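The following blocks contain the structures, represented as structure tokens.
Okay, so subunit A shows up in both of these, paired with subunit B first and subunit C after.
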Partner chain A sequence: MTATSAAALPQTGQITAAPRRLGAPLWVAFLLIVLAFLVIYPLLMLLFGALSDSNPVIDGFGKFRPSLDHFVKVLFNENVHLAFFNALVACGGGTVLAVTIGLAFSWIVVRTNTPFKGFIAGASMIPLFVPPLVAGVAWGILGSPKTGLLNTVFKWIGIDWRVDFYSMAGLIIVFGIYYAPYVYMFTASALRNMDPSLEEASEVSGASAFTTIFTITFPLIAPAILAGSLLSFVVMLGIYGVPAALGAPANINVLTTYIFRLTAWSPPLYNTAAAVAILLMIVTAILVWAQQRILAGKSFATVAGKAFRPRALDLGPWRWFTFGLASLYLAIVVILPTLALVIAAFRKFLFIKDFDALFDMRQYSWVHFNAVFDNPLTMKSIWNTLEVGAITAICGGALAFAIGYTVNRTRVSGRTSIDLLATLPVAIPGLVVGVAYLWAWIGLPGGLYGTIWILALAFVARFMPDTVKALSTSFLQIHKELEEAAWICGRGLLGTIRTIVLPLARPGVVASMTLLFVLAIRELGSSLFLYTSDTTVMAVLLLDYYEGGNTGKTAAFSLVQTVILAVLLGLTNWLSRGAAQSSARVG
Partner chain B sequence: MSSALLIEDLAKRFTAGAKPAVDGVSFDVPPGEIVVLLGPSGCGKTTTLRCVAGLEHPTSGRISIGGRVVSEPERGVLVPPRERDIGMVFQSYAVWPHMTVRQNVAYPLKHRRAGGGNSKTDIIAKVNDTLELVGLHDYAERPVVSLSGGQMQRVALARSLVYRPQLILLDEPLSNLDAKLRVRLRDELRRILKQTGMTGLYVTHDQSEAVVLGDRIGVMRDGKLLQMAPPDEIYNRPADAFVANFTGASNVLRGRVLGRTGDKATIDLGAVGKIDAWTPQNLAAGENVRVALRAENARLGESGATNAFTCKVIERRYQGMQTVYDVDMGGQRLEVLELGTAARHTSDGEIALTLPADACWAYRDDGVAVE
Partner chain C sequence: MKRSVFIAAALGFAVAPAFAQSEFGSKELIEAAEKEGALTYYTANFAEVEQEVIKEFNKRFPKIKVAMVRAPGGQLITRIKTEAAAGKLAADVINHSDRGLMLELNDMFQDYTPPNAADYRPDALVSPKLWPGVTLGWAIAYNTQLVKNAPKTWKDLTKAEYKGKQIGHVIGPSGGTTWTRVMFERQVLGEDYWKQQAALGIALYPSGAPLSDALVRGEVSIAPLLYNIIYTKIVEGAPAEAIFAPEGVPIIPYADGIPKTSKNPNAAKLFMNWRLSKEGQAYQIAKLGNITSMKEPPAFPKGWDPKVIKVWVPEFGPFEKLREPWLDEWNKTYGYRQ
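Right, the complex of A and B next:
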């Protein structure tokens, strides 16, 4: 086969020789320029900001006074230390909790005969779609020390115990329960791919079930546990919404909230923000690198492509206990916060003096929704969000397709650099992307700053690794020979892509674009630094409402945002399933 | 003396109402004996083994190990695997990749509750002895993933032998190895098991393994145990048409019973004439039967006192060490094997053919395909 294609290629090459010989380097150069513009230039500007004390807004770029002093000064600042320490504690504690929940969940779903396992597995993914700020707002309503719904309930039951989620503990708990699915995803697949006779051998050897789990099962999936916990740690580190909602009232700053506070200062401390952002980026990059190393290393548990009979432990009556545990988690992470948002959004005043007052229907109305929609910014932010989402999905999807095809399907020189540049943003938290784009465009007159496009470009850059990765998988599923057959039939490269690759990869392309769309409309971190009053998006406006202090309006808008997100998710799910089906008919 | 393993009327259904995977299997294994369960895939042999191990839960029947009932669903008895005092070698080796050879073999000694309390020096000595036995003493400190497949299987064997359980279960332990290694390890496996005096239950689909390893072989099909006997009996006196076919008697002649005295029957083969055959079944005159015959038991070119026929060679396939002839005998096809590097018969004319009565086995023709 290789012989025939090698023989056939030069022939087709000769027909279109002249444009192609120049075409490949030009194409690679084009992609590299686009990626440099999207990723490298903003990062260089961020570095420039961190290493100078000149303000781009006031001074322009003429007065670049490079000095390490500024960066060093930031590194030794006590507030930075505190924020760094808080971030480590919150994310570390959250990760421990996430690992506990995620491991328990994957064990219950993969290894036991707990009833309704499929439903539990599906529902446990819901937290991944909840925007962090919405989760933070909901838990603020539930767990605020004075008016929190949980405390009201406790008081009514007569338990002399109050919770305060405006605290480090609250931050850790909310992080832990919402990011457990990341750990679950890794450990569940590792458990599924593990040869069950490894555990059976231990049981036959005389070890108890408990000993087996801790000496065989968990050590074998240790790489997956580690990879999952590193990922969840990195994600928590880059989250702005949760610490903004729960940490700010108690004056607990983590790196992300601290960076934002620096830019909200008057005058804004853009240079300091850039320096702290670089610190955050370095920590993230190290962790991401470690995680990739673990994943690339040979995993113990997965033996080459063997199918195993799933081994479900018969728990007997205890299976209702595990079912209860799973249901409790789902209730805490899905039902309770939703209920809290609904109550807060429809009640005229959140103060509930006793439990019976909760059911006083006169207290409920649409007043908060009316207030939210009376604000002209609300509709504007919704439109802006959808517009940014659409632009991101289309531009990002097209670019990812071009990159994915070039990296996976061609042998042009320079494709490894393209791959590297496209994967780089994986190590950059959203908030850092925001600061970098701010530095990249704020000083340029007549530039992108203040338009929708700067948001879209930042999102394209931020989510490029996820999109390219999702698309590459679908490219790998199309056999190279399908393309080679089209070349031999006399099709050119572009014709082959249009008639063979694109139709076959369509489900993957649609899926990646919808993923991009959803990611873009819930993004807060990078939007924070790039919006203006004209280009405000939903997530930013929600933060505005929250910081304005009106819980009713915040909850109402949270619900609006959740409903829009749910509808879009359902729609895109339906769309991509339709695309998959129609291509199945073609294929 | 009680049996090391006693299985009585064992049945296992995976889903209620479906065909049982194991259907009324009974046999016993005296101490020190190796019993091999042989059969095609899906015959229930592995399920039987896993029921003995306690990794599957039987639907009914009773399993006793060393005189102790370990499973009897009717009385709600179900002893977990770890308390059955058994060792098991898995098809996929199941050696733990995160441990060294020594850690793998020492694991049962460290974690067994029954018969625990091994001192550190005890453990080291036992592990060393066992590694010596399987020929791996030079590899004790190696990580297990650096070993070859054959060595991994030796580790698995050592791990199940090291605590001298009452019974060792082997689930197709050689099927993941390449052919040459399989033959070597097969012979060694028997030596090791016999040397340690272990009682063994061995599952395989490979006849040559079964014959070499087993003191007795049990042939299974569709969840039923068809015959349990020493290897030479399985090979020379198969209890039914399936066992005969599965162990290699691939020639089948169709005919009708003329008469029977004891285990000798006379069968009318139609155009060919009459044939004398051995039968384990209570055949009556007039019944349709199949006569099974191994290709290597037919004697081409010989004219014996009984069961002498003539045939025509249709095709000759020279295979070096042996030659296979397709012959036609009055409209019925036979395959005949001639050993030796010289092929003596050609395909012209009629040739004498003797089918020794002792090697012709008649079974009732129940219309079910045997393959």
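Right, the complex of A and C next:
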């Protein structure tokens, strides 16, 4: 669409207001009620806990004993300061690494003619399926200073150098490589949807490919980079499994391991944990505010009403170099830890004296898989997990679409509050949010407690920020002129969403729902409080294997989980490709 | 005694076909329990272990289906309190390692006494309503491939030959079970014991399970561990062994009870009776590596000489009172940041 035709249109505000006037306040009220139930009510419970020394369900609201003790304890405890500092270093370093890897990867996959791109793209998402606890365990097996497989190999080939993943550097590397897919998801879809004419203009003006990347391409997808890095930073802040497995042996504590200790204390100190959680929320709120301030007033619309195909840069012989880089990353992030897990899952015991002992086939068997499938809880947990994952993906996807659309594509009053409320849960660590949901929802009439639905609701609420942010990137990139064209042609709001917005945003919607599905399947913290004997999920069973000191069974069960996820994600990837093709046709 | 013979002897109760059902309760109780046909079991113990207990119970009483909810100690207590306050406590039997926390909930439990109540040590009980269905004990474990001169006593763990992070420890404040060991070390092995040991350089772990795994992998060579954590690995052929030290074996009697709100009180009683019976305890000793709080144990773990080995049960009063100050000192001595 040209500038001339756009100028011929009436003012945007007049058009967008027209179809929404009738239902807008009702719609906003509806969303606010849903968010109040999912976010505010549990958060109030959390605040109640942090500001008192009573339990809202057990003691009742009537016995509210206000107290700032928990905050004071937390603020003046030097171990909390150290844990906070460690968390910032580990997550900050991890984010820098994740952004570097994720961005490079998405550029290689989307904008170059590197060979086997499809395969690289698929394989690079694998770290996302791996529960953090399993990632920590796998890298412990690989990188332990005393018995790590990498060190065993170095010793065998006569290299004196040794790696030590039980360290801050180990934490940063593992965080960085496992959360790079978050950045990749955001930036790849932004790069895919970007009009290449801007880059072409840059090159025609004499800029080199390198200059174009750093002055045109990356600045244009800044919202995606910022959203991806913010999300990965905040998600890292809330991860327990990696620092528990790698930080604990080196006595490196971060906030989550501190919170876990508080909740595992006898008696559990949830009120203090809630105070730490509130502090985490403040940090996150500052980050979100900073992100919005940076992006405010800038337009990042790069998907316009013009057909285009993302341009692949011809790298010539250098394409084998990028292929080599991608392969190296995949070897480090997929093959090595998977190999460690396979060895752990099939080996009876993980005592490996030297390199030759690794090939002693008498030590390998199916014993851990047999034990896992002998357990009647295994099949039950798999089925429950799939059910709760599907419900979460569908309900959460629909809600995130509704919120994302309202926040990004309309000017209704109240949309800022909706955005804020939908972002809040990201800051609350899973273990604490689990108890907040339990406090909030156990007393509800209608028998919600004890069903799969309460788990799904908790997951929808907990992962709403991730889903909404992932979708918002897609919305930001669709130019308003496309919707305006539909309204001029007489389409109503719902018709426009159905025929224009949904098809164009479909890759983003499918990606968000997939993300939600994966996150729901991995989620442990809130499951632990809401599952019952009939609604056990895989994450709870995995923790049980880990807590039981069964690395073999933990590895076997996580391989089972990975295979199930890989099959399901293969399916959604196939669906998403179909969606991308049909949206290309629409565009 | 060879392990197979030992297990067969310990399980003798289970295989005796004419063994009287009255050991587990009256005919009326068994009929009523079978009529209820199900119960829900809340446990802080490992799910895998408790699955085995349930399986064994079902060999004796196949008509009673046991559903299990498992969560780590602190989380389980929070859940029980919250469910109870909301009138939605689903548990028919609760099994927990922290006697102090369970005692706080004493009013929630109904009166219950097992048929063989007189067989139990009085110091293992904190309330007449709560019974030690599970009892665990501390042993010294070591990696047989790495340790040439294995420790034989608790005092050996202060020897200079084990310096340089060869010894692994679960951190003192990790929970009630570890606090029991820490208290034992200070009270029985002397005020300097911690200092002497910490000077060797100790690798610290957040809980027993990762430590037992680290021991088998060779990350550490020696570790005080709850016997049940390492026992199943030894049976499966791991390069590890465990001994009971002559200075004493600190034991942790659990506190198990039946909530007043139980919907299947007869099935719950029968399940408790069976777990506390000689048959139930013998099974847990032989197959799971547990100890027992019975005055006359129906079986002994491998290497346990009753003439030499004495169990050590913490006095409940000091157990609660000394916990905070002593753990603070432990943290400082071992350089653990709380």
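In the analysis below, the second predicted complex is superposed on the first by the 301 of 587 C-alpha atoms of A that agree within 3 Å, B and C clash if a C-alpha of one lies under 4 Å from a C-alpha of the other, contacts with A are read in each partner's own complex, and residues count from 1 in each chain.
The working rule: contacts are C-beta pairs under 8 Å (C-beta built on N, C-alpha and C of every residue); 3 or more make two chains touch, one makes a residue touch a chain.
Bear in mind that the values here come from a model prediction, so they are computed numbers and not experimental data.
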Contacts of A:Ser208 with subunit B and subunit C, given as first, second, both or neither: first
First, second, both or neither for A:Leu220, with subunit B first and subunit C second: first
A:Gly158 touches, of subunit B and subunit C: first, second, both or neither? neither
Which superposed partner A:Ser197 touches (first subunit B, second subunit C, both, neither): first
A:Gly118 touches, of subunit B and subunit C: first, second, both or neither? neither
Comparison of subunit B and subunit C by subunit A residues contacted: C
Partner chain in contact with A:Gly548 - subunit B first, subunit C second, else both or neither: second
Parts of subunit B lying in touch with subunit A, wherever the complex brings them together: 53-55, 57, 80-88, 90-92, 94-98, 107-108, 111-114, 156, 159-160, 163, 169
For the subunit A and subunit B complex, residues of the former touching the latter: 195, 197-198, 200-208, 211, 215-216, 219-220, 222, 300, 303, 306, 314
In the complex, subunit C residues that touch subunit A: 40, 46-49, 51, 67-75, 77-79, 81-86, 88, 90, 98, 100-101, 104, 143, 145, 173-176, 203-214, 216-219, 229, 233, 236-239, 335-338
Of subunit A, residues touching subunit C in the complex: 55, 57-58, 79, 82, 144, 146-147, 244-245, 248-249, 251, 253, 257, 261, 263-268, 270, 348-353, 367, 375-377, 435, 438-439, 442-443, 449-450, 528-529, 531-534, 540-541, 544-551, 553
